[in-house]
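Below, subunit A partners subunit B and then partners subunit C, in two separate complexes.
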Partner chain A sequence: MPYLDHNASALPDREAAAAAARWLLEGVGNPSSVHTAGRRARAALERARRQVATALGATPGEVVFTSGATEALHLAVAGLAAPGAHVLLSAVEHPAVFGACRAAELTVETVPVDGLGRVRVKDVVARCRPETAFVAVMAAQNELGNVYPVSAIAAAIGAVPLIVDAVQLFGRRPLDVERLGASIVVVSGHKVGGPAGIGALWVRPGLCLRPVLRGGPQERGRRGGTENVAGAIGFGVAADRLGARLAAMPRVLALREAAEMGLRCCAPGIVFHGDPQDRLPNTLSFRIPGIPGDVLLAALDLEGFCLSSGAACASGGLEPSPVLLALGLDPGEARGAVRLSLGPETEEADVASFIDVLPALLARIHSAGLTEPG
Partner chain B sequence: MRVVVAMSGGVDSSVAAGLMMETGHEVIGLTMKLRDTTEEERAGRAASCCSPDDVHDARGVCDLLGIPHYTVDYRDAFRRAVMEPFARAYLRGQTPNPCVLCNDHLKFAALLNRARALGAELLVTGHYARTWTDADGHPRLGAAVDARKDQSYFLFGIQRDALRALRFPLGDMDKPAVRAHARRLGLPVADKPDSEDICFVPGGDYARVVESLLAATGESAPGPGPIVDETGEVLGRHAGVHHFTVGQRKGLGVSRGEPLYVLGVDAEQRAVRVGRAADLAAGGLVARDVNWLGDGPPRGPRAVSARIRYRHAGADATVVADEGGAVLRFHDPVRAVTPGQAVVFYDGAEVLGGGWIERALPIDSGPLAGSSSAP
Partner chain C sequence: MVTLAERLPVYLDHHATTPCDARVVEAMVPHLAGTFGNAASRSHAYGWAADAAVEQARDRVAALIGCTPKEIVFTSGATEADNLALFGVAALAGERGRHLVSVATEHKAVLEPLEALRRRGFEVTLLPVPPDGVVRVADVEAALRPDTVLLTVMAANNEIGVLAPLGALGALCKARGVLFHTDAAQAAGHIPLDVEALGIDLLSLSAHKMYGPKGIGALYVRRRRPMVRLEPQMLGGGHERGRRAGTPPVHQIVGFGVAAEIARTEGAAEASRLRGLRDRLLAALRAGLPDLRVNGSLDARLPHNLNVSFPGVEGEALLMALRAFALSSGAACTSATLEPSHVLRALGVPSDLAHASLRFGLGRRNTEADVDAVAVATIAAVRRLRALRSGAPAPETSAPAAAS
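Up next is the complex of A and B:
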């Protein structure tokens, strides 16, 4: 089963999975308890926090574990802005950021992107006001793979806090939160080989965050609720092994370039989305005129190939990707989008078989004469 | 062989999928998403087939059967090809049948093409109807064995080349047998209630749905007008012709010392014509957009059993094909021939074809062949 959807979820890192499973099977105790079992749980949790902090170039006390990136983004958004506050979002932020802003009843202004999905620093600066509660620009775009100039943006907006969703960048390009200059950086476990259901945010020291989940004093009062120790352990081990993922990226890039070349050959008229200059090495978004994305995805799935339309969420849903609409595509074009995303485990044969199977599928779809019904 | 099952989330199509799997086919489930959940549905006040939650049920059944499932977004097409024509038919004083439009434009056209795009050789549905191939290799369509569940009336518009690629595995079963299969297969929808309503009119409040559909397209709903009797006397006023259908007795709000029925609707005059039950009888009808299955259009008059609405038992009649349409004369008068509904021609169990009722013909309207000078 060639799995070409690593941006939706990475393949599990076996050691990370084994460590998490060991805790599920044998671990005892609540990290908040004072007894021996509690101390052991706390030690395991804090070791995981150190591992994640190290991978981010941070110190452990700055790392808050959450149930995932969505919750981390909600905490970042609601923690920094009061209802009604003006906030500035790139037009291609993850739906979790937009959703969190709606939930927090913020006044959202978006920074438009160009036809390649690029965010310009000056476009951010031009919209940033003294009263702006925060700016959110992701480090790398999940559908396009575009990498954004977040350091330059952080420097340009001065004292206004910058929220950086680094979920897709983490493990694909080096990330050092100190040098990034952001106020909050969000990462997710299952995008780097850890389990789903665990994420984290790095919070710049001195930044005061109002908690969203209020309850116990866990996570230094920033997130109530008993910690997901098994998830954190898995995330920690995956973070510990991030170097191997990064080291695989040149090979991943070569595979993606092979895919791109193969696609150009077997699908004349193919259009690639995103920034050809500054992009993650593993992501390739495209559309083939006359081929609805959902039909191609289903046809590929039936041959055992796992890909997505724009994003995994967009594959399950039916709306054209807002990200592609922000690039100026019309809804029909956006519905043609297919996203290929590779990982360290991707083999040459996966890409080669994908390119091999494609011409017959495209021919079959063309000959079925799909037209808008009605 | 690879087959696509059109899955609505109900028990029938779910069983169809299970049975196709048991006969060794590679089964793929497709569900058409036709519209978004309405406020009422979200509040749980109404339910019908093909409602948005049914997409979820269909996916659940496919997960349980271990087969792939994909949702197809036909919301725009459904609005354009089914819901809006449905509303506009009322503007013409007709009583439309949207299920046939959905079958003709979506299920057995667009969805069939999609099945082919996925490499499927057959499209399977949970309709109660039968197909077979005659000695010359031509595809034939017929009524289900269970007359109470038969849905062949809704299928007359299927193109002949499409018919070849369709299978209806429930056509020779009754509903208890289908439910028994569902339980045997362990399907979670085994006891899901049958849906009888039109999917986008779950509460049965047609007039309100027509009004909101027309409001959305910027058209105005039929306005108020007079209720008149055979002599032209105005008996009262009505709120809009879309509240009425031929044969209707309740809700007229007028009286004349005897039961009154809607005989017809004059959309231009905004008038609802009422009269005695006896005056509901028609001697025949003119149909348009007739699709001929079976042997194709008959060369001369053809004796058929004609069904003029769903669940109609059928009336003996003679039909003459007429330039894409047909003229039909009943052997005995038939009550409440309703413009906008479908008329489907049967020979025994076989569907010979069908079309849309344009207008009723009076009982003594002359010989059949001469009555084809329809406007």
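Up next is the complex of A and C:
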């Protein structure tokens, strides 16, 4: 069953899953307990923190574990801005960032993107004010795969903190938080082969964060609650093996290019979304005029192909993607979008069979009268 | 006669956390390693399979506390559930009032959000408890005001295991139109809980306190009579019916579901077994150390908890002497600090006695031999430490046999 939705969730890394499962079976203690069982849990947690820190180019004390990227983004956002504060977000940030700003009652201004979904440094700088509490620009866009110039943005906005959602970039391009220049960088376990339910944020040393989850001194007072030890262990192992994921990316890029070429052949008039220059090697967003995205996805699913329309969190809904609307697509066009996202495990045969099955599916959709005018 | 041949530390700290049941892990592994999928992906079969597993778990967790599945919101744990309940209710309190009532012995996951709300202009009444630790319904009744929005009282205390009179509190809240939240992290799966019978509006759960995985919990939010309105605290994708954003960790939720199912079907028998072990432990300790003091009511108490103070010894030294056992002097989250427990202080336990206390949290793998062994070792250690303190020669380390 070809799985072509790696931006929603990566395939679990076997060793990461095994390490997490081993702890679930054998691990006993609470990391806060001072007895042997507790100290072993603490040691396992701290080892995982070192592994994630190393993968980020950081030191362990700068890494805070959370229940995932959504919580990490909430901690970043609420930690840096008081209610009412002016904050600047790219128009294509993940819904969790917009959600966190709404939860924290912030005054949000968005930085528009161009037709290719690009964020311009000068457009950020022009809107940045002395009182701006933070700027949030993601490292790579989950629906389009666009990679954004976050280092240049960090340098250009000076002392204003930059929050970088690096969930999709992590494991697909090298990431070094030291050189990035951001104040906070957010990553997620299940997007790099680790378990779901664990994420982390890197926090620049000296930055003071108000906790969002209150109720204990865990994570140096930044996040209350008993730590998800097994999840952290799995994330740590996955982070340790990030090099192999990165090394697979040239092959992934070749597969994506093959998919792109195949799509052009069997679907004349196909439109690709996003930045052709600076994009993640694994992501391909497209629409085929006249073919509704949900119809094509359902047809693909019946044939055993797992793709999605964009953000998994929003699929199932009939609302067109706000990201594609931000690119200037009309709602009908945006509803045509399908996202193909590959991973290190994707094989040539997966892409080839996808391209092979497509013409028949498109013909079936046409003959069933499921097309839309356009 | 019991020997102390056991080399591995015997785990007696089940209030801090419980080991995952093997059946729980077995159910989790396929989702952790094989049948992957983002439960929020509705467009493909992997997503559907994940979704079905999550909904089955939701049914099981709901069955444990007698609510409907739609009333269960999965969170990252009880801390998040407590935060969501308190901040979520407070955010929508609006005209109804700005007064919250709770108890001094609550967990920090309740006390810290209450303190944050106090700084935001809410008025918080923290009720004292009598020496037995059981909050008095009359005290609560006297504290409720027309502008009281919420009462939050933990179902069972994490240090002394003392139970709250939930049914009476629930009825009182219903009569006064006050919402009733309870942190049931320590109680759920160990004693029966029925949110309908008890009149509970919001209830926090933790999987890892009932042999499930760490990093997953839930908040029960009543939907009928009354429908509790809650401002979500984490926004993003429309997960958990918009009440909690974030990709649902399917394996964690599945594990929680199995743990809840096991607790529902086996909990009563296990509770009665553990009560027997706990009573045996107490009898043995009392036989050797007649002056020990039990902290909190013995009647209204979790079956697997014992919290005792030993006059004339120092808790840290006692724990050191009992290294062969995984024990604690109180809450795990504060065990690295030397502050005396806020719970024992609230009970009026003098600080030297509070420092000389041990919390025994019994669990599924514990046996009679375990409790006999820890009783023998505790008696010996207390006697030795007392002798050292008084300057008398240390007595023989072999203590009399525990009751058997």
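To be clear about the criterion, the second predicted complex is superposed on the first by the 370 of 374 C-alpha atoms of A that agree within 3 Å, B and C clash if a C-alpha of one lies under 4 Å from a C-alpha of the other, contacts with A are read in each partner's own complex, and residues count from 1 in each chain.
In this text, contacts are C-beta pairs under 8 Å (C-beta built on N, C-alpha and C of every residue); 3 or more make two chains touch, one makes a residue touch a chain.
Predicted model only: the values in this text are computed from it and were never measured.
Between subunit B and subunit C, C contacts the larger number of subunit A residues. Legend: residue contacts after superposition of the two complexes on their common chain; A:301 is shown touching both subunit B and subunit C.
After overlaying the two complexes on the shared chain, residue contacts for A:18 are found with subunit C alone; subunit B is out of touch. Of the two partner chains placed by the overlay, only subunit B lies in contact with A:365; subunit C stays clear of it. In the superposition on chain A, A:216 contacts subunit C only, with no contact to subunit B. Contacts of A:344 after superposition on the shared chain: neither subunit B nor subunit C is touched. By the touch criterion stated above, A:74 is placed in contact with subunit C alone, subunit B being left untouched. Applying the stated touch rule to the two superposed structures, the overlap between the subunit B and subunit C interfaces on subunit A comprises residues 294, 298, 301.
Touching subunit A in their complex are the following residues of subunit C: 9, 11, 13, 16-17, 19-20, 22, 24-25, 28-29, 32-34, 36-38, 40-47, 75-80, 82-83, 107-113, 115-116, 206, 208, 213-216, 232-239, 245-252, 255, 319, 323, 325-328, 332-336.
Residue ranges on subunit A touching subunit B, taken from their complex, read 294-295, 298-299, 301-302, 318, 364-365, 367-374. Per the touch definition, subunit B reaches subunit A in the complex via residues 2, 28, 33, 68, 70-78, 80-82, 105-106, 109-110, 113-114, 116-119. Remark: subunit A residues 1, 3, 5, 8-9, 11-12, 14, 17-18, 20-21, 24-25, 27-30, 32-38, 66-71, 73-74, 94-100, 102-103, 188, 190, 195-198, 212-218, 224-231, 234, 294, 297-298, 300-301, 304-309, 311-317 touch subunit C in the complex.
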